[in-house]
Amino acid sequence: MIRTVVWGENVHEQTSETVASVYPDGMHNCIAAALNEDPGISATTATLQEAEHGLRQARLEATDVLIWWGHAAHGEVSDEVVDRVAEAVWGGMGLILLHSAHFAKIFKKLMGTPCSLTWREAGERERLWVTTPGHPIAHGLPEFFELEHEEMYGEPFRVPEPLETVFISWFQGGEVFRSGLTYRCGAGNVFYFRPGHETYPTYYDTNVRLVLRNAVKWACPGSERIRSVGEAPNRETENAPELIEERGPKLHTDGQGGFR
Amino acid sequence: MIRTVVWGENVHEQTSETVASVYPDGMHNCIAAALNEDPGISATTATLQEAEHGLRQARLEATDVLIWWGHAAHGEVSDEVVDRVAEAVWGGMGLILLHSAHFAKIFKKLMGTPCSLTWREAGERERLWVTTPGHPIAHGLPEFFELEHEEMYGEPFRVPEPLETVFISWFQGGEVFRSGLTYRCGAGNVFYFRPGHETYPTYYDTNVRLVLRNAVKWACPGSERIRSVGEAPNRETENAPELIEERGPKLHTDGQGGFR
Amino acid sequence: MIRTVVWGENVHEQTSETVASVYPDGMHNCIAAALNEDPGISATTATLQEAEHGLRQARLEATDVLIWWGHAAHGEVSDEVVDRVAEAVWGGMGLILLHSAHFAKIFKKLMGTPCSLTWREAGERERLWVTTPGHPIAHGLPEFFELEHEEMYGEPFRVPEPLETVFISWFQGGEVFRSGLTYRCGAGNVFYFRPGHETYPTYYDTNVRLVLRNAVKWACPGSERIRSVGEAPNRETENAPELIEERGPKLHTDGQGGFR
Amino acid sequence: MIRTVVWGENVHEQTSETVASVYPDGMHNCIAAALNEDPGISATTATLQEAEHGLRQARLEATDVLIWWGHAAHGEVSDEVVDRVAEAVWGGMGLILLHSAHFAKIFKKLMGTPCSLTWREAGERERLWVTTPGHPIAHGLPEFFELEHEEMYGEPFRVPEPLETVFISWFQGGEVFRSGLTYRCGAGNVFYFRPGHETYPTYYDTNVRLVLRNAVKWACPGSERIRSVGEAPNRETENAPELIEERGPKLHTDGQGGFR
């Protein structure tokens, strides 16, 4: 059972009648329901408004894959929670970023780039092409699928070269976008998936829901969470794998930690 | 002429007799001298102790490649300067990180990973193997070269998969390390090069100096600095490359910027 | 159940007393036994000497992962079988290449590079470091493991940049080698794993056997075999996803295939 | 001066009035003229019809970058010449593949994948987006450029994950395609560039010509040609970088070469 948490910003559902009418239970609950259609996934939700945004350390410890949707309130996410999520990802937790989460603090932190793009909200047609047939995230999909109304995101998408480009989108207005990108961040599998503007019923789409379930399975770690990924342990001379003698000048005294 | 700035932390040169005896003019000046042996490179220096660490905006604007050496005082580098350097790299400035700069704020920010490793200060032998013969950074090198006394850095090196692995080190004590890694961060070419512990005369080594000059040439941008890489411009419907009509519900009013 | 075939060249087991004494049942059977320790894997064997090298089309159709060990007789493998295996890999079959299979026809064909390296048969110590902790192929391993007697392979290993470098080896004689490399070849997951010289009992080693089982699970396809990956279908104008009108001069007449 | 050879198949120019009318001097001469606009490039041509297709060993030795355009007669290119070109690329010669050369023997050999795609000859509009602003190959280009009439190529493009995706194309009929991909094959820089159907005046387009010149500069090797990339030299025990003693059973007798 893959323990999955769907994090939703849950702002526009409260402030926009349009969004509320499309996602009356919130986008996070719609996404969680899509995941729970798979008997191997157990998805719950967390939102910005909860204490520590619903992402206390103990909960992250018990999470295999975290899904992130945010848009209007990236700046309200606490840096402490962002650092905690990053640490979990580096240790092996899977992370899936959706749509406007390209500008989420956690995504920018993990990518190390601006993560910017161009955009247009015109309800135009998007067509996602599978560029890596046979990839687990594309399992069961046709060669392309369409979303009749979506916000446009256009290249250049300022992210690092991915491990794999799984989807590329065609937009009616003339742009293209790398809509499905995989990364390994420390021990964690990370997937960015473009669709999901909140004014359209994207997360009810059959193909989108299949991608989400596939991505959770793909991102699920195969090992225990790795601890202390940020530490730089000193392997002292007497513990070197090969027998060596210390020689030459030293900066560090014995047992002293490294500089940070 | 490649305008290069060698940034040196310049702390241990002032506080450690050992380091001062090896690098009486500071490591940054030794490195700059190595670069200036090439008539195509014009290298100057900057240090932590200068105002804004010697890296005012105007200077970065006039810099093609920045080289960074730091160790004891990563925490004293101002976040504002780090952000400024990141912006320059994303816009195309080359960046070369040396040795203990694996823990520099700027490297951790650009990599999005902990950048940790294991280490041992035993003055052991390091042998760097060229893994990508023909790479510009390896130009003119033998198949391997040795540094008789170096600090050990060991895998796992917690960085993203690089574009290319240029060097891998063998250590006498039994470890290995990916010692030369290339990345593209936005429009900027980034190179991490491992050797250079401050108690050893590494930056006087002929092969190391050649690598530094090669890396500067490799990292040099071929285009003008790109501005505003963090912006997400709205390409409005009437400016779409293809003629489309706006339809469906909208969240944004006309002319409104995107959310951050 | 992952249907796995272990392909063994089975030459030195017949011609070298040394090899026969280490692997009296052949290396392929030793490797298959290692795999069959996992209840989720069902491993059988095939050898060079069988008709079509034991790799008839029907068998490849029923194979999820193929493991390849060859050394003395790469040139005796028929090109037809090599092409058949490549087609299966492109369609999604996993492929694991062991040790001297770096020069197997199938590996050179899939890599598109010479796949050369340096070597020495001195029974020296090899130490494999895990460079990507948390990777499924490294699951359950310590941070490094040792093989007291192995043939040395040294860099440069002339292969393409991998998706991920999972292991790097340290050799007693002073060399290093990227000992575990992942690739995606079409829809197929491909893994090269270095250890396994036939005069040493490498495939009895606990850690090596664990790597083999992990690699089989990692390489196992998640989708049905993809057919006709080499075809370039003409999507005619009337079947374009968007309505367009044909215009301009044409080279091809309607219904004509593309050129090869 | 970058010594460049433009290889043209030169078949349709002789057999199709349409093509002959667009490229009366042959496509290869049109492309060479585009390159020779740059004073740093010296481009000559070679064609299928010449002895050894104009690619004798001595000529390849004196070539920094080879450009390849072929379509109707891939099968007529001799395997010997293909192997010779591959050897040159592995040794450092740059190679640029244009349009229908996706199915050229040399490209399939270097990629190790089927290199297939979908296509449609409808004279539709193609728009190429720069996905890596600041990349040398995109130097001086606008954020996108258009070709009013082109053949469509659609994903999936069955090639390995590239080092970098430089361009992605949007097609009027609804497809997308990764139109500019970089690879490193041995020591050689390889670039695939999509546009260039022979019935349209693509190679007269200002932006296309700029891409070609940029790509030649990017692909140009920085080092001498590397020899014998396919050899696997035995570094004997007495020549090991570290002092070791031979031990354990051996398969090879002293001085014996490795198996192929």
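To keep things simple, chains are lettered A, B, C and D as they appear, and every chain counts its residues starting from 1.
The rule is simple: a contact is a pair of C-beta atoms (placed from the backbone, for glycine too) under 8 Å apart; a residue touches a chain by one contact, two chains touch by 3 or more.
Keep in mind it's a predicted model, so treat the numbers as computed, not measured.
Mostly identical positions are employed by chain A and chain D in their mutual contact, as over half of the interface residue numbers are shared between these two copies. Look at the CA centroids: the one farthest from the centroid of chain B belongs to C.
With centres taken as mean Cα positions, chain B sits 27 Å from chain A. Centres computed as Cα averages put chain B at a distance of 35 Å from chain C. Chain geometry summary: the mean Cα position of chain B and that of chain D are 31 Å apart. Multi-chain contact residues of chain B, defined as those touching 2 or more other chains: 127, 132-133, 154, 161, 163-164, 170, 174-175, 184, 186, 241.
Listed in rising order, the residues of chain B touching chain C in the complex are 127, 129-133, 143, 154-157, 161, 163-165, 168-171, 174-176, 178. Contacts from chain A toward chain B in the complex involve residues 12, 16, 18-19, 71-75, 90, 100, 103, 109-114, 116-124, 149, 152, 154, 158, 160-161, 163, 172-175, 183-186, 197-200, 229-237, 240-242, 244-252, 258-260. Per the touch definition, chain C reaches chain A in the complex via residues 91-92, 127, 132-136, 138-140, 144, 146, 163-164, 170, 184, 186-188, 221-223, 226, 241.
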